[in-house]
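First chain written, first letter: the chains are A, B and C, and each begins at residue 1.
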């Protein structure tokens, strides 16, 4: 491993440690904000694996978030399992679902894949809505945990893991395989890459992390219902965060989550309902003016209008 | 020693036979040229052999083992590499990274370590004469350079057999001569080649034997002199009247 | 008898799904854009009708041409000045931006009309007639007839007019269309306008049958896609067939399995179709 790699790994570790002491300095409100931020960052990093590196933009990852949330929720409430078991179970079930669904769906091309995954997300919500064990439309109420810091540390740990996986993927044989699939799947296959297998693994990993995030969310929020955890808005948020930060990079999704969560929080307090409106505007502006994300902006080192103007013209009819 | 044997390979699209009952043998270490008018089934044949398209009939043996039904990545891992007629660069990667993919995954699974793949890729780039563009983004390459990168990628896979699909299209005469030299040097490294080409001068200079396709069938095969003077071949390319005129 | 009633309900609803899907199919067929704003356009049509009905007392069927025109203009401008800028971008970026536009539209709607449920209820809303033991509400029947009329008009436009030919040419082969002098930016904008107009018309009529809220369009976008895919993306007859099929499926599911199941069935159906037969029942092979 090169020096550069070592430095980035250590820097990441340092970041984690720093964040670990955060509870000492930050207010309770800030802690809650950070928990939410970590969660969004996990989702963005998880999406990045399948959408960013592999180029299969899934529009239904909220399904995995929801499955994780409900698995953990059901085990906590109906079976009285401890969180330490219920959480991994959520992640594992989400991952298995990812494999099962991924195998047929990953065979589809670009737009069909996107819509199929969108459909899966929506279907899951409707199905769970009709299931007794999940509390159907009424939802599930979790036991209360009196130590809010648990959620902070668990989310941080999962985020660290998700980022680590992204970091590993970015400079590994596996990662090269995924990127090759993204760039030109036929050429990738001709060169010896087992494309179905690689795609499924990326999708499964993506699902696993989304599921884990969902599991923590369920316990943290203490109440879940199908509309809350199977939201298309969640999927869109994770996508726009990854894209805004720079999809296909390691830090991009983190950056995107940080900036957009903060902005969203600010707007929510200042502007109430207008918050979501501005979110929509941001999406439009990002796609038009900086589809390659902040990472590219930073890497190019040009902070001029020309960059944006060029992006605007690049994909026009 | 026949490293590749095709037996009655057939590919139908609906009622149309794109490749029909093609038999041929590829000797180890030879350069077999494949020519024929546009649409005569040359690329389709390669697509069938490399698993991109399913067979309608027939079989192909690699070292006496059937490779029919294997998927493209399995074919690549066995040691059969190909270039694409319309090049398929990995646009967002550098030239070196493009070639590294070949080194990482190729025959027998390729290199497992990035460092090893990188040095293998550098060596291949040196061999094909693209080392000076190693760090350039693939997008910034011009057409001849892209073709060369495509070739380098396939070479980095350490193939036993390499299928080249019209690598010389769009090259000027000097570039063509260079390409011919390169192909021969590839053979010198122990790789067997099947070269699809339209540039007659090149195919004549580079091939040990030439196979001619027409309407999906193998019309004839033989040494370059035999084949290129064969009236049937001339007729296939230029029409019967020209062939008659040429021999009048 | 119940079966027949369920059947009729399904068919009548299916017509509406049909023209919703036609708009979606048109936009996808010509520009390869999966239009996530579709549901919001339907919603807009519904609310415009609501406004004209509530403020000026216009009959919803009579205000239909106005709604259609307004949505056409809106769609035209949207495509011409925003979407034309990203037509050649990767698929997920196009999806993302149309989603962003949808979010903006929905939230503007929330501000303008609040999230309260609204409905358009002209005097004849509850009127129905009976035939052979079946009850058919007049509104549903007229909605169905209108959807058929709109479909026919639309198909005539595509097949018989110069504009329609230009649209079809651009769909087939963009570069060639450009080379023959077709102003493709304009054609794309007109196409989106037409798709929006169809969505708006659907929305206007939906508002007569069901209550409307700013987010009413979300499930409808996906359902329109189900129908469009079922019938074959890019075809024009397909959506009608698909619409009726979905209408029937929902009607039967709702009656015989449970009212909360239709959505699960439609979305599940979408996924299954995409996996097993993405070209749909009547579709042509994807290039």
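Please note the rule applied: a contact is a pair of C-beta atoms (placed from the backbone, for glycine too) under 8 Å apart; a residue touches a chain by one contact, two chains touch by 3 or more.
As the structure is a prediction and not an experimental result, all values here were calculated from the model.
The minimum number of touch steps separating subunit B from subunit C is 2.
Using the average of C-alpha coordinates as each chain's centre, B ends up farthest from subunit C. Innermost chain of the displayed assembly, by C-alpha centre distance to the whole-protein C-alpha centre, is A. If you average the Cα atoms of subunit B and of subunit C, the two centres end up 49 Å apart.
Between subunit A and subunit C, the centres computed from C-alpha atoms are 31 Å apart. Taking each chain's centre as the mean of its C-alpha atoms, subunit A lies 42 Å from subunit B.
Residues 32, 34, 82, 84-93, 95-97, 99-104, 107-108, 110-111, 184-185, 188, 218-219, 222, 225-226, 229, 258, 260-261, 263-264, 267-268, 270-271, 274-275, 278, 286 of subunit C are the ones that touch subunit A when the two sit in their complex. In the complex of the two chains, the subunit B residues touching subunit A come out as 50, 52, 71-73, 75-77, 81-82, 84, 88-93, 97, 100-102, 104-107, 109-114, 117, 153-154, 157. The touching residues of subunit A, when paired with subunit B in their complex, are 171-173, 176-177, 179-180, 183-184, 186-195, 248.
Residue ranges on subunit A touching subunit C, taken from their complex, read 51, 57, 59, 104-105, 107-112, 114-116, 118-120, 122-123, 126-127, 129-130, 137, 232, 236, 239-240, 243, 273-274, 276-277, 279-284, 287-288, 291, 312-317.
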